[in-house]
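In the two complexes below, chain A is the common chain; its partner is chain B in one and chain C in the other.
== the complex of A and B ==
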């Protein structure tokens, strides 16, 4: 059989997606279903002194309210699904259910809240100033699990006026070598400050939930990135036995890190349903999604980097103030430092960070967390240094990028494989860098051309999860996937690893996914590009286990040694004597008759409890392949994307047109080329949106969000990007994983964002604007040197 | 008043914009009213908040006559999703920003979230469920093109994009990649799979021309 890995096969669920049959969370209906609406806080920080719901509850059709007193509350800084102390404008205070949604919405207007306004902080730096406001009554930073109030007493804030980040006490710090000694050896030192804006995830599907209880079991229809993990997360949050939770999540309309294992708002419908004894649908609107839907933490950051005349980085000193939002989450500043060390291999490095809570919506990982923010300062900074050093910008990156044997991070971690140099070489040719870099500064009327590169690494896989498959008497290989269907096609594509081991065609494979009652194995939490790596391994393991059992059964039935048998096309047969064999259908029947390990009656001891439960439910249905990924690994797995871009900046309007883009990946073996192209280019465009257009704006007086809809938040449209873009992959298998594949979800964003940021700076003659997003007003202000309506380090100004 | 007159008055008085204005004036912004519907036969008589009673309409949806009770301010998207069981039409924003709810009305693409159901009386509505030939199960050239090209990632935007592509290929025999991008610019894909979406549109044009 031809291998499935590496071929373009449309995802088996595509037909459902294009005929309207694919059901997302809000598409399900249950008898007796009622509707809930949320009451959101109008204040950024307040205490609920009283709730008067009498008139609402008296309205015909109203079934009840759910308040913070009805839901589990957590220790600071934990986030509950409803609160009596809202910490951002738009935080849900209560929910109301009624027989229909209009009644619920009308009734909720009759509820009177007595709120006591509390001081609030929108800007981390303002919160750090002496006397600055704290986002929590308990403080503004988390130190060893305790909330504390951190103020930078005695720190000179006057540097802010010059656009330089002041540097006071931090909560995290690590270093390797001696940065001062490193700077002493440098011929060129660049010191830049910049503000990277917070940005909402905005998945197209808002996180609506339908929940009901049957015989003590919770059934939850949710929009989530990782199905198996969502079950554990819901059980944990609601204090339930995992066996009492059924998660249905067949399709997920985008998450980008905001729905990895759900989010607190998904607890409202289950708890409300339990309270009123009716199935509850909580439809989340776009408006609400902006509040409860998570966002990428903004950075106010400073980077000082020293270069020798040959371009080698002798010292890197990073300082990051991270906007931690109302409930923390993310920890992007830590990742940013580790990635910077991996990427540029500075001889000496110091990384300092302080995540500060603010009264703005909760943060979470967003594709390429930390890396994206850091690259938008460090990559343009590299270009600035290259100008001073009179070096080719690609060459400067080559001088510093890691090669085989490189280590990184505070624990000097090794890599399983690294082929960023090959990706740079391939991109140089594909994009024609040597020619296109000469376009830099070319004028066409009011438009100036800029050219840029963005190099972006990210972690690309975890290990140790389970694979589970059953070959049934219908002869088909049913591959059970606990990973979610979040749009990357990995829920289908990683199954190819098992199919290839069994040497079957795709038409002999059935993927079972999206509903935990179907028997799903314990799986990776789908964030940080883990799935491709983790589940090609797990499925490869399950495939090998099934193959061994098939060979055993053939030998028992037909004689000879198990090793004398091979499998192909849904048959097991004797090598050199293909006529002597059995069909998979016959093998499956034989497995059921034999029992024991063959049909799942006995299971490996090292698999996860959830896999045991699932496998036990599938016992006796056919030949079972079930195994934990025990393949081992000798380092950290990282993937890379190198992006190349051409832009035109209109010096009269400030508008940036992206003319060309090429993305080249080092992600090991390619599972599904067309899908990889979508990841590289789609991810790169998301990065371009982060760098260029996506806005997050606050009214500083009232602490209220202004850019809370898609038209004002401005994620990229089809007209914001080139009509035709190119991508490629170096396709060098990772030697530390049997299939050779590494994840690719994260790195394209940093590549796209940084390549565009560098190209814009290039068009501006090497000037760094020091701010994202690079909206026309930001660029015009820079070009004209005009007075800006914001101060240099101000956040949330769009 | 005859039916046509009623529709005219309703369109006048209850355009989506005035409806939203009314909601904002009522101070409902914090709970995001306006993303609403009332269940058929539920509490229509008992509540007077949005005021008006349902009216039985006959709609033409995917070639079939469908009789349905509709409130004066009900949007087409809500009628399709919650009264006719056609959940293929998605709601991504309910405010005419994302295009996930795009349907065809007399062959032209419209945001179903921004049309009142009363406005489509006497007009032919086509949703994503109505593209496939019900007898032969043959896919529409646009759907076939998406299958051929492996289009879309999470695909929550897919029904809307496919309806806009359908309007394009059925109204324009030949088009460039740039024209396709403009024709699809009312639809948002947050996965940003725009490259493949344009490949699908170009392939759909080829298939449609081959069938013509």
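== the complex of A and C ==
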């Protein structure tokens, strides 16, 4: 049989998606279902002194309200699903259920809230000033699990207006070597302060939930990235036994890290359903999604980097003020420092960070967390240094990028494989860097060309999860996937690893996914680009387990040793005598007759409790392949994307047009080429949006969001990029994983964002404007030398 | 009263099939009625429960309001003609390519399939304070949040402020004014024709409205006279994103030139005031002037005289100046 890995196979759920038959969380209906709506806080920070819902509750069709007093509250800075102390404008205070949404909305308008306004902070630096407001009554930073109020007394804040980040006490710090000694050896030093804005995730499907209880079991229809892990997170949050939670999540209309294992708002429907004894549907609207749907933390950052004349980085000193939002989460400054170390391998490094709480919506991992911010800031800095060093910019990156044997981070972690140099080489040819770099500064009327490179690593795999499959008497291989269908095809594509071990065609494979009552194995949480790596391994393990059992059964039934049998095309047969064999259907029947480990009566001891539960429910249905990924690993798994871009900046309007883009990946063995292309280019586009258009705008007096509609928040559109972007992959298998495949979801963003940011700076003659997004107002002010629309360290300004 | 968004409250719906019936309805219901065309502006207001009409009069079933008719080089465009139909219409492309281009710059392909010319011209401002339901002057309150000292006003006006600093968001309006189009407005008793330029009103005239339309009026069609067919035109919309974005500044110009001199000119800028701004002085200055950079530069400089930027939108002055220069520079 031809291997399935490496081929283009349309995802089996494609037809349902394009015909609209696919059911997302809000498409489900159950008998007796009622609808809930939310009342959001109109203030950025307040205390609820009273709720008068009498008139609302008296309305015909209203079933009740759910308030913070009805839901589990958490220690600071934990986020409950409803609150009596809203910490951002838009935070849900209560929910109301009614027979339909129209009634619920009308009833909400009858509720009178008595709110006591509290001081609020929108800008981390404002909060750090002496006497500055704290986002929480308990403080503005978290130190060893405790909320504290941190003020930078004695730090000169006047530098803010001049564009230099003030640097006071931090809460995290690590270093390797001696940065001062490193700078002493440097021939060129660049030192820049930059602002990276916060951005909402904006998945197209808002995080709706339908929940109901039957016989003490919770049934929850949700929009989530990781199905199996959602079960655990819901059980944990609601203090339930995991066996009492059924999660249905067949499709997920995007998460980008905001729905990895659900979201606090998904607890409202289960708790409300319990309270009123009716199934509750909470459809989150686009408006609400903007508030409760998570966001990437912005950075106010200073980076000082020293280079020897040969381009080698002798010292890197990073200082990051991270906008931690109302409830923390993300912690991107930590990842950012580690990634900078991985990518540039500075001889000496110091990374300092202070995540500061603000009265703005909660942060969370957003596709490439930390990396995207760091690279869109640091890559243009590399270009600035290259100009001073009179070095080719690609060459400067080559001088510093890691090679085999490199380590990174405070614990000097090794890598399983690294082929960023091969990706740079391939991209150099594919994009024709040597030619295109000569286009730099070329003028065409009012337009100036800029070219740029962005190199971006990101974590790409975890280990140790379970695979589970059953070959049923219908002869088909049912591969059970605990991973979610988050839009990347990984729920389908990682199953190929099991199918390839069993040498079956795709038409013999059935994927079971999206409903934990179908028997799903314990799986990776789908963040950090883990899935491809983790679940090709787990499915490979399950495939090997099944293959061993098939060979055993053939030997038991037909004689000879198990090793004398091969499997292919849905049969097991004696090597050299293919006529002597059994079909998978026969093997499955035989497995059921034999029992024991063959049909799941006996299970491996090292698999997770959830896999045991699932496998137990599938006992006796056929031949079971079930195993934990015990393949081991000797380092951290990282993938890379190198992006190359050409832009034109219109010097009379400040408008940037992206003319060309090429992305080249080092992500090991390619599972599904077409899907990989979509990840590389789709992720790069998302990164371009980060660099070019996406924003938050807050009114500083009222603490209210202004650019809160999808059109005004401006995530990138397909019409913002050229239609003929190209991609490639170096396709060197990772030696530390049996299938050789590494994840790819996240590295493209940093590559896309940084390549465009570098290309824009290049078009501006090497000038850095010090912030993203690079909108026409900012660029035009730079070109005209006129008053900038913002002070250098302003945040949430657009 | 607590606030909730994204849930349309109930309203009475009328779907007349003739203009006469629609006029009867708007006359009967007056200010209680909301006239619905493509719905792109209206639905946002309804969903946010900020505008709560008792009655919605949906024009969608009135076929006579749809379509483009050519008569001797002039066009009559039904107000309900979709922006996609306008953009693709042969006569529009042939006679007034700038109008097709302007239509093509509206929002997204999907929105253009649904959005109408009448709606694009008559839409409300997108000031984010006003659209958030804040009680500003335009909403009947007694302040302007967008011009407060700390306010966010990057996308607001540099000209024509009068308590309100909002801007007109229409992409087709400047093109139609430049082409000297006429708006055909009907009420139950009569049909009147208004110069496109005079269709729009600023806050100094009426702070609660964007157009001259009264409660019992309907914009039924737009007449584009033949006079400017075949003229040299220039249209450019600058926005933050390549799609689904309102204009920061847009310029539309129509010119007749011969022998290296500009003989006639109409130049309009949008995104800089609550109404599309026709640059009469600039037109007077360039008429009779030699085509070329010198005239273009002078035109740009003159265009922004008197501009008063807010705290965060000084860039609009340079942008408007440069776009006017480009429009004049384009004349051959």
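Rule of thumb we're sticking to: the second predicted complex is superposed on the first by the 797 of 798 C-alpha atoms of A that agree within 3 Å, B and C clash if a C-alpha of one lies under 4 Å from a C-alpha of the other, contacts with A are read in each partner's own complex, and residues count from 1 in each chain.
We adopt the following convention: contacts are C-beta pairs under 8 Å (C-beta built on N, C-alpha and C of every residue); 3 or more make two chains touch, one makes a residue touch a chain.
Bear in mind the structure is a predicted one, so any value in this text is a computation, not a measurement.
Contact with both chain B and chain C is seen for A:105 once the two complexes are overlaid on the shared chain. Once chain A of one complex is fitted onto chain A of the other, the partner contacts of A:39 extend to both chain B and chain C. Legend: residue contacts after superposition of the two complexes on their common chain; A:8 is shown touching chain B, with no touch to chain C. Taking chain B and chain C in turn and counting the residues of chain A each one touches, the greater count comes from B. Of the two partner chains, chain C is the only one that A:786 touches; chain B does not reach it. Of the two partner chains, chain B is the only one touched by A:674; chain C is not. Once the two complexes are overlaid on the shared chain, A:288 sits against chain B and chain C alike. In the superposition on chain A, contact of A:527 is made with neither chain B nor chain C. With both structures placed on the common chain, the touch criterion links A:711 to chain B and to chain C.
Residue contacts after overlaying the shared chain place A:570 against neither chain B nor chain C. Residues 37-40, 42, 101-102, 105-106, 108-109, 285-288, 709, 711, 716-719, 721 of chain A lie in contact with chain B in one complex and with chain C in the other.
Those residues of chain B whose C-beta lies close enough to touch chain A in the complex are 26-28, 30-33, 35-39, 42-43, 46-47, 49-50, 81, 86-95, 97-98, 100, 127-129, 131-132, 139, 143, 146-159, 162, 177-178, 181-182, 184-185, 187-198. By the touch rule above, chain C contacts chain A in their complex via residues 1-7, 9-10, 44, 47-49, 108, 126, 128-129, 131-132, 145, 148, 150-152, 154, 236, 238-246, 248, 312-316, 318-319, 322-323, 325-326.
The touching residues of chain A, counted against chain B in their complex, run 8-11, 14-15, 17-24, 26-27, 37-42, 59-61, 99-103, 105-106, 108-109, 202-206, 251-254, 256, 283, 285-288, 486-489, 674-675, 677-678, 681-683, 685-686, 689, 709-711, 715-719, 721, 723-725. On the side of chain A, the complex with chain C involves touching residues 37-40, 42, 101-102, 105-106, 108-113, 285-288, 446, 652-655, 692-693, 697-702, 704, 706-709, 711-712, 714, 716-721, 773, 775-777, 780-781, 784, 786-787, 789-790, 797-798.
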